[in-house]
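My questions will all concern the structure given below.
Chain naming follows the written order as A, B, C and D, and within any one chain the residues start at number 1.
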Amino acid sequence: MDNGMNRRQFLTAAGAAAAGATLGPLVPGPRAYSAEPIVVGFVSIFSGRVASLGETGYRGLEFAIDEINAKGGLLGRQLKAIKQDSAGKIEDAVRVARDFVTRDKVDLLMDHSSSREAFAVREVSRDLKKVTMVTASETTELTADPKARTPYTFRAARQTLHDGIVGGIYAAGVSKAKGMTKWYSASPDYAYGRASTEEFFASLKASFPEMQIVGQAWPKLFEPDYTAFLTKMLQDRPNACYSALWAGDLVTFVEQGGLYGLFDQIAFFGINLADYTILKALKKVPAGMHSGSRYLTNVPDTSANKSFGERYEKKYKELPTNWSQECYTGMQFLAEAVRKAGSTKSDDLVKALEGLTVKAPWGVDGTVTLRKRDHTIVNYAIGWGQTQPQAPWVPKTSSVPWDKILAQEEAYLKSKGWV
Amino acid sequence: MDLGAFAQCVSSTLCVVSQLTSALITGLILFLVASGLSLVFGVMGILNFAHGSLYMLGAYLSFSLLRLNFGVATVAAALGVAVIGLLLERVFIRHVYRAPLLYQLLLTYAFILVLDDVAKLIWGYDFVSMGVPDAFRRPPIFIGRAPVPAYYMFIIVVGVVVAVGLWLLLTRTRFGRIIRAAADNPTMVAALGVNVAAVSAGVFVLGSFLAGLGGVLAAPVRSIFPGMGFSILVESFIVVVIGGLGSVAGAFVGALLIGFVRAFGSVAFPALEEGLVFMLMAAVLLTRPRGVLGVGKEL
Amino acid sequence: MTHSTALRSIVRRTEVTWGLVAAAVAAVLPLIYPSTFLLNVGPQILVMGVFAMSLNLMLGYTGMVSFGHAAYFGMGAYTLGILMQKTAVGLAASLVLAVAGAALLALVIGFFCVRLGTIYFSMLTLAFAQIVYTVVIRATPLTGGDQGLIGGIPVPPVRLGPWTVALRSPLAFYELTLSLTVAAFLLAKVLVDSRWGLLLRAVRDNGDRVEFLGASARGLRLSAFVAAGGFAGLAGALMALYVGGAYPDFVYWTKSAEPIFMVLIGGMHTLLGPLVGAAVLVGLTAVITQYTSLWGLVLGAILVAFTLFLKVGLLDFGAERWRSRAAAAPGNPPVGGVARAREAK
Amino acid sequence: MALLDVRGLSKAFGAFQAVHHVSFAVEAGEFSALIGPNGAGKTTLFNLLTGHVPKTAGRVIFDGADITHRSPHDVVHLGIGRAFQRANVFPAMTVLDNVHAAVVAHERAHRDPLRAARRDAAGRARALEVLEWVHLEGAAELPAGSLSHGDQKLLDIALALALRPKLLLLDEPTAGMHPEERRATMALVKRLWRDLGMTVVFVEHDMDIVFTVADTIRVLHHGELVAEGPPAAISTNQLVIEAYLGEGVL
């Protein structure tokens, strides 16, 4: 990957010059000439603590691209993805995004980095006017806060607010049934952990006003030892505990909590529990825990979703993670937009993407939509249910119709002054 | 600031006992790692950034040796890390004894980068969880009304035994006396005909064994992933500074102090906990630079 | 004149010419040959170069090893970010205030740190930097908490004679960063070559003796700490412009470690050394990560080889290579002094 | 009028009386020796005079001004220069830079960080002149660390001379030299004392040198001033002989 003028740029430039010089505006630019692939630049973290974010996410993108190329690619051109590790450093994520756009002349950017880098990469998308599909950052502000929005950025990753709303309504149902009024929380002490907990409890309170928060633990992100928080929670004797811990931290918490027999006395609601990497890592998945579905082949319980899981597992010898399917879904949006716009120019793509609905295994009725107002995904399947110690781990899940989710979302955004 | 909760906790024996045990657990694991760091710095004057990676390797090795029974796996894994420590010392670190401090840091920082990627290659990029061995999968033991999981009692017992063992080694044995002398004045010890190179290797191996043991004890209850040694490295530095540079007794006091601040701090100042530890470190440095016990190296 | 000292004084006297030649080439290059490497990686190298150079004012010139230099880098980034996002203060004023804010923070923290020596000084700078990190994360209304200052930094176009320049464009930002780096380098060069700089080097060699010459070693150390903090603030402000925001990562201790390694690789006896070290470290990472995510293994191996074989900074010509064996310093034959005194009895 | 007037000076490290109620006066122009067995408190006395070690009791008047509680920097600026038992120089800097640093510190020129060192013609000329006094001008561009032990001692003295001291305190200027070099160094110091019209107090163990060059001798023993006077009186003083030969030998 040398820099500066490479073969690809030469061809495009030559094609454009030839078209411009001889045939004038009649011929639609270089599109007809160039058999160059459409390139997607994938920005993420492939090393260190959250390496699985980049690794499993890239597989989801690769899986989608192979499917599309098998059916003749887009506009007669093959799709290609390139990736580079930002090593979790913000200035590196910005540099990688800039390199992709200016050096490798990518047509599309997929920003699969953690929330801080996502905000930084978005500035690159704004400056260099390149359509960017965010597929990892779940922070509500990324799209809900009008002052922070950028025209060329879209989000195919789930949003903590939607998960919180469904989780709150589900937990209200369970709490009413079992009279669980005393609630506790143990979430990581950073933006995602605090937002997810606040949104879950707001929704729970709306549906079950009798609930009250008896205590909250805020371990630091990547806390190795939860004993101090666990013993404190045991003393406050809550009925139920919500947690937004994820990946390794959630496994450590469940493992250490199990030693204290915590989950026999307290109902546990882990929003990030139902993800195959975690279920695989936990030696013995405790039965009866309540979990929101990150990605499960039975949420939604459709043949399209089941076949997606099976085909992915056949190719990569492991089930997809939530990150893989978010990248897969993100690519569906980009592909459909290119087909609809008939070009890869940013402004055409933005018009095509706004309000776009595509077929995707993650869709509640088999389709998902990119809302025009805030460029974020809606109508994706969110299910809550109880765990069992063996596959399919969360057999039965219940969800909430999207019109109810959207109504409650509107109320919450108004309370935040974002609408 | 949640002083109400703090007052309420201190008044109830249940809260005090359980916070005390959790302080002991975090403190003792931290002591194992920090004592190794302090010993290596005290005797050899080497600030070993890669000490956290040795803790990580201890966890990974015990995860791989899971098939053997837990006791054998524990010792084997810790010895494995000791051997790795010997290799690092004999092949690389021995060349930087007289290098300026910063070149030692650069070398050991490079070890972190290499060892984290090696762990990623061998055990995969994703976190793995070992789970508590079946021997300890039983209801927690109750002290007063406070539940203390069986495995944590095991950690406390092993931690205390190792601490006492280390203290006896340093004060009662010839090797211990040579180590303490070398810590004070390596040139004089060399003049007395002691093979300082062998002592340094021995100390580094002992330090690595301790870090490995810390990793082994922590493995069953913490998720294991490449780079897990990073956070305990910073905490070990704090412990070594608070306890007194180069002093193992200081490391014991410093580790338990951090354990208490973590346990009771999370009750009293839930939001400040991260900064709290560093404020304690700054306070010790400004008032008693040679550590709480005042036994740190005079520099 | 022994071979090594001759070399070192040549490098030290000519580093300005070398620096300006390199800067001139770097300034013209992207105009004639559009290399994206220069426009994208260039600013990152320059920013980290100024940051490493600022640390070297303490490390190489005054013998102070700070483990918490990122506190002032971050202070510069947040000062510029907050000013330009939430107030009408312009770019130039924000840059100046960023430097001033960082220098002020360095004065407050430095006042405590310079009272301690060697390893205790290093540990105290680390402790204070982490306290600043905790404050940044907790002061959400001002700093955006652990999410950072989001929403981008509005940089209005600047009128430069006939042209209006949009500073956000890669080329304009590259040239701005380059010119500020050259300015910082020249100012730092004046400082280290000044009489004040001479006494800094005396403090590095033997702080006690300086006390006996009637100058306060602690006062000199504090002044070096504040100057280094100011330059670090400039680097932080430029980084904020580069990423379009300020983030807690800029104050975390890993960001304090980076300039230390850049100074070690580039060389600590000149001001150009840290800039070369930044180019090597940032450049290498940018290239290696293009080919493998195991960049840690590759970069780590290179650093191990560097430490064990080169044993001295790239630009540290003639500097004493530390010997792995404690070879006794050779007995030096008397050169002048006493021998001559005997004749002149 | 005495240049230096020391009254009842004491220093106790816990119970140990390092310096006990020492009083003496140094006349301007003196070239006096301070002798006494090791551990008699000679170096501690010097540290007390320059204020680098806090005094337990006593007062020090220098050139008519009470400098008892003045900070070490001020004391040095008032005109007391010091050279050390172990050569205390700036090894990595050139010999010229060493002395130039002393000149800069003395003139408080470092307060202005913009004035270039290299172009400080006056300062460098002054430094070169001081180097010529100690015959080290030939080694001007050498790093101080590469000088021989004897030359480093001379550079140490040069650093003190650069401060234009009225009173020069030399702590064993000839320590670690062989006899031939010692005599030459002491002769050089005496010539400088004469040419520059200074007052010198030096600590010395070689009695041949002490009794040939010193015009006054003061003897410290167990932190107390046991004798003071011209060489002739001191050589026959019973207390001095006891101090050196150890009590109860006779």
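By our rule, a residue touches a chain if its C-beta (ideal position, glycine included) is under 8 Å from a C-beta of that chain, and two chains touch if they have at least 3 such contacts.
Just so it is clear, the model here is predicted, and its values are computed rather than measured.
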Winner on C-beta contact pairs when A-B is weighed against C-D: C-D
Chain nearest the overall Cα centroid: C
Distance from the mean Cα position of chain D to that of chain B, given in whole angstrom: 50
For chain A paired with chain B, centre-to-centre distance based on mean C-alpha positions, whole Å: 37
CA centroid of chain A to CA centroid of chain D, Å: 75
Where chain C and chain D are represented by their mean Cα positions, the distance between them in whole Å: 40
For chain A, residues that touch 2 or more chains besides their own: 46-47, 51
Shared interface positions of chain B, touching two or more other chains: 116-117, 120, 271, 274
Chain D residues counted as touching two or more neighbouring chains: none
Parts of chain C lying in touch with chain B, wherever the complex brings them together: 59, 65, 112, 115-120, 123-124, 126-128, 130-131, 133-135, 137-138, 253, 257, 260-261, 264-265, 294, 296-297, 299-304, 306-308, 311, 322-326
Contact footprint of chain C on chain A as seen in their complex: 1, 3-5, 46-47, 51, 54, 84-87, 89-92, 94-96, 98-99, 102-103, 115-116, 119-120, 122-124, 126-127, 139, 141, 147-148, 150, 190-191
Chain B - residues contacting chain A, complex: 5, 9, 12, 14-15, 18-19, 21-23, 25-26, 29, 116-117, 120, 125-132, 136, 139-140, 146-147, 149-152, 218, 220-223, 225-228, 231-232, 262-263, 266-267, 270-271, 273-274
Residues of chain A defined as touching chain B within the complex: 46-49, 51-52, 55, 189, 215-220, 222, 224-225, 227-232, 234-235, 247-249, 251-252, 255-256, 258-261, 277, 281-284
Chain D - residues contacting chain C, complex: 50, 52, 72-74, 76-77, 82, 88-94, 97-98, 100-102, 104-106, 108-118, 120, 123, 134-139, 141-143, 146-148, 150-151, 154-155, 159-160, 162-163, 177, 180-181, 184-185, 187-188
